[in-house]
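Take a look at the structures listed below.
Note that chain A is present in both complexes that follow, paired respectively with chain B and with chain C.
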Partner chain A sequence: MARWRGALWSRGQMMAAPMQRALYGGAVRWRWALGPRWVSASAAPRWRLAGALCLQRPPSITQALSPEQEAMAQLAHQIEVEKSNFSDYEIRRLAEEEQLKKRKDNTYDDEADSGQAIVLAQDLEDAWEQKFQRFKAGPRITDADKRNDRTSLNRKLDRNLMLLVKEKVGNQELWLLPQAEWQAGETLRSTAERALATLSGNCIQAKFLGNAPCGLYKYKFPRALRTEGSVGAKIFFFKALLQSGDLLQAERREDYVWVSKGELGDYLKPDYLKQVNRFLMDQ
Partner chain B sequence: MLAAAACGAGRLLPGVRGGAGSSLLSSQLSWTIHFRGNHWQTSMLAFQESLPMRAEPRKKKKVDPRRDQAQKDRMKKKIKKMEKAAQEMIPIEDFVTPFKFLDASRVREISPLSFEENERRALLLKKWALYKQKEHEAEMETLKSLMAAQQEALEELRLESEELYQAAIRRDEDLFPFEKEGPSYTPQVPGYEAPEGKCIDITKVYTQ
Partner chain C sequence: MCSALGKVLCLGKEMFLKQAFALSRVTAARESPICAVGSTLLSCNRHYRSQPTHGIGRFRHLLPPEPSKKKRDRIRMKEICAGSDHEYGDLNIQMTAYDMCLVEHFAQYVHKLCNRFSIRVNESYAMPTKTMEVMLLQEQGSRQYLDAVLTTHQRVVQISGLSSTFAPVLLEVIQSNQPEGVHLSVKEHTEADFKVRLKARPELEELMAQMS
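Entry: the complex of A and B
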């Protein structure tokens, strides 16, 4: 009880008067955002805490330009060429073109020149073009894309991919972000790290982005399961970037998928999805 | 005897250092020494006693270090003077147009744009302005949503436990410096060997 009071008081002097009123009401935890149901509770509700992990594989290729961007890029290039002066290479090309024309008009004009081996700009360009053709770049649309293999990390290289796992919660099999129950004596971020370790068994290296959670999902247990100690659960999400490793080597048998933000709707429940979408960038 | 003395004088010559008269010794025949033209050749046989020959090889202990020190001081003074003078600014290569690019022959001849082309460009620029505005607004909304979600999570955490909240708002020292390779146009080809070559850096380095 004293702990709650301490938390309320430390929020700042501006809230002093309403807080006092709330306290007179019998140590009620007061929060505008949650609505009237909290005011009616006689004892402070207890929530089970969990740390969840939002593991993202960052994109390795750039996204394709939208049509407006494409048109604008072309216009910008056109204007840049128009406003520029000739470069050394262009002058050389023009000079050589004139020479070739002259040679066609007055044939065998400069016999001395034709004896020399001149590397024309055109030849250089042809050589470069051939070299470029010989180079085989990696495909932007991979096999995994074509097969729509969602467990593969090679899919959708221009988007962020997030890890989802299927777990049994209560008596339901649900798709959710990998999570672990908070144990006393550890911070929530270490809970998320533990979740990652149990999931992958040290196969995955991830960089956690800070100590603070990026989002929260709160839900109450069905009335049958509610006890004095736990009314519901609060799941705190922590963002991490995948640096190396994959789940293929892990001993995990359960299902997992790597999905982009647009595909999350296929797996997550609506309320959960709404909270998760709040802390994901549009991709 | 005089001739022998003369030969002796010739042999002793290289050993004698200093004394301008030593070069003249060979030209002076010993029998003319009674009518000598120099004051230091007092005796014919006692070569080693005459003044220049008595001089030993110069001792380098006291005089020369002082001379070196004096030289160093002079150099330091010169350097200080140069430093005090206004330093020349390092020219910014990008702002200085080399003269060969200002040549008239380099100017591109462009025919004036048609009315349709101008119209197309104007309309495209307007569309682009609108597109960028929408994009900016969407980005701002996303950022606001991100920050609001984090703020809410922290508030709820505080309500749960002050200790966990303090641990959450603590600065993460390992996060920065943060390095990450950006995306490229095509993905990495596994096992690709870049062609061998030597990179010669020709950037101009200025010292002040």
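Entry: the complex of A and C
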């Protein structure tokens, strides 16, 4: 035994080899006898490919500032105002106030008065103030927010909303991003576009940002369903931004939902969610 | 006894003198730098031409000779790289807004972001400001009066070498950080975009038209 080990590792030199080196040599030889792993399988495992679509509605208003940001912004604004020079309008306003004061105190000259503007700065400001009072801004928290209606697009105007659909996969109903099976001869991006078209008809206009997928989720089928040709499936995610349109006109009504990143956990399975979260920007 | 002492003293003095000379030499060497830190007497020795350190810091003679510039150098357009299947060529990220501070800050942000992502930024410039006067119809009469003066500011950041796998990420980051009121567009750089920056020369154009 010892002689065999020594012969293996010492390469024709001393017969007695140290214990650790002999053990390592033995282990290497045992693994090599089995053969490299990739040779043992008859063919590479086949995966079914699918292209999935991550349709995002971009936010239409900015998020509210946190208290510290608010305080800092106010302080910075105050510093900026105090350090700044007067603008043209303010100079004009100050000059007119001085003229009015002079008129009250002294007897004013008609010659100096001839150059006076017809419209005073004060009048302009009053007119602007009235216009501002008449303006009504849209509400930041909409009705859909109050009702927590997840199928509407008007919800959460300061966050990204993603589309999720409920589909039957195997024998269970799952919430996932809309996907379509890849067919030979088309690119994966066109698979995702096809998924969008089958889902919505022609109602939705979306802009794809690029040809490259943003994420991948692969899973193996349960042993009962595995065949020679397919061990599992790989789903490639493509991001698209919603330009216009909505799913209201499409046929399926109950099975879709627009959710933000925080609410994804309510719908998606943990492994799927982990892969999806990798390509979502924090909101 | 006295003579012996005297000899001893003489010897001692010689030794002392030698040591003193050595010490003074050492102190002189230490005082020769221009400002000796901590010394009460600041010696201002300038490096005169006889000093061995004359010419320390000279570098102009090491640079390659510059070609003499002509007085009026025509501005030549840099080559526009077209881009391959996997990379975009020259792209212009144009940001337009009415508020100058906002658009400048956003342009700076985009520039720093590209530096962070190691995307080569060729140029970052501003287009001339466009001033628009908003004239509204008066309610009582049919005359128009000046309501407001709007200034439109545009900043352009030109990048190149954006890979097609990274482009969606960059675009998404820029879009999600877009401030309110700033209009963003990403276009490929063309010769027309370059020509827009140059001033039109009406006399030259007139003469060319007359010639042809």
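Everything below uses one rule, namely that the second predicted complex is superposed on the first by the 197 of 283 C-alpha atoms of A that agree within 3 Å, B and C clash if a C-alpha of one lies under 4 Å from a C-alpha of the other, contacts with A are read in each partner's own complex, and residues count from 1 in each chain.
In this section, a contact is a pair of C-beta atoms (placed from the backbone, for glycine too) under 8 Å apart; a residue touches a chain by one contact, two chains touch by 3 or more.
Note that the structure is a prediction, hence the values are computed from the model and not measured.
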Partner, of chain C and chain B, that touches more residues belonging to chain A: B
Chain B versus chain C as contact partner of A:Asn211, first or second or both or neither: both
Partner chain in contact with A:Pro58 - chain B first, chain C second, else both or neither: both
Partner chain(s) touched by A:Arg134 [first = chain B, second = chain C, both, neither]: neither
Touched partner set for A:Leu188, first chain B, second chain C, both or neither: first
Chain A residues contacted in one complex by chain B, in the other by chain C: 58-59, 61-62, 209-212, 214, 241, 281
Of chain A, residues touching chain B in the complex: 3, 6-7, 10, 29, 31, 47, 49, 58-62, 68-69, 71-72, 75, 82, 84-86, 91, 136-140, 142, 157-158, 187-189, 207-216, 218, 234, 236-237, 241, 275, 278-279, 281-282
Contact set on chain B toward chain A in their complex: 101, 105-108, 110, 121, 124-125, 127-128, 131, 138, 142, 145-146, 148-150, 152-154, 156-160, 162, 164, 167-172, 175, 178, 180, 183-189
Residue numbers on chain C that touch chain A, as the complex places them: 164-165, 167-169, 171-173, 175-176, 179-180
Complex contact set, residues of chain A against chain C: 58-59, 61-62, 160, 209-212, 214, 239, 241, 281, 283
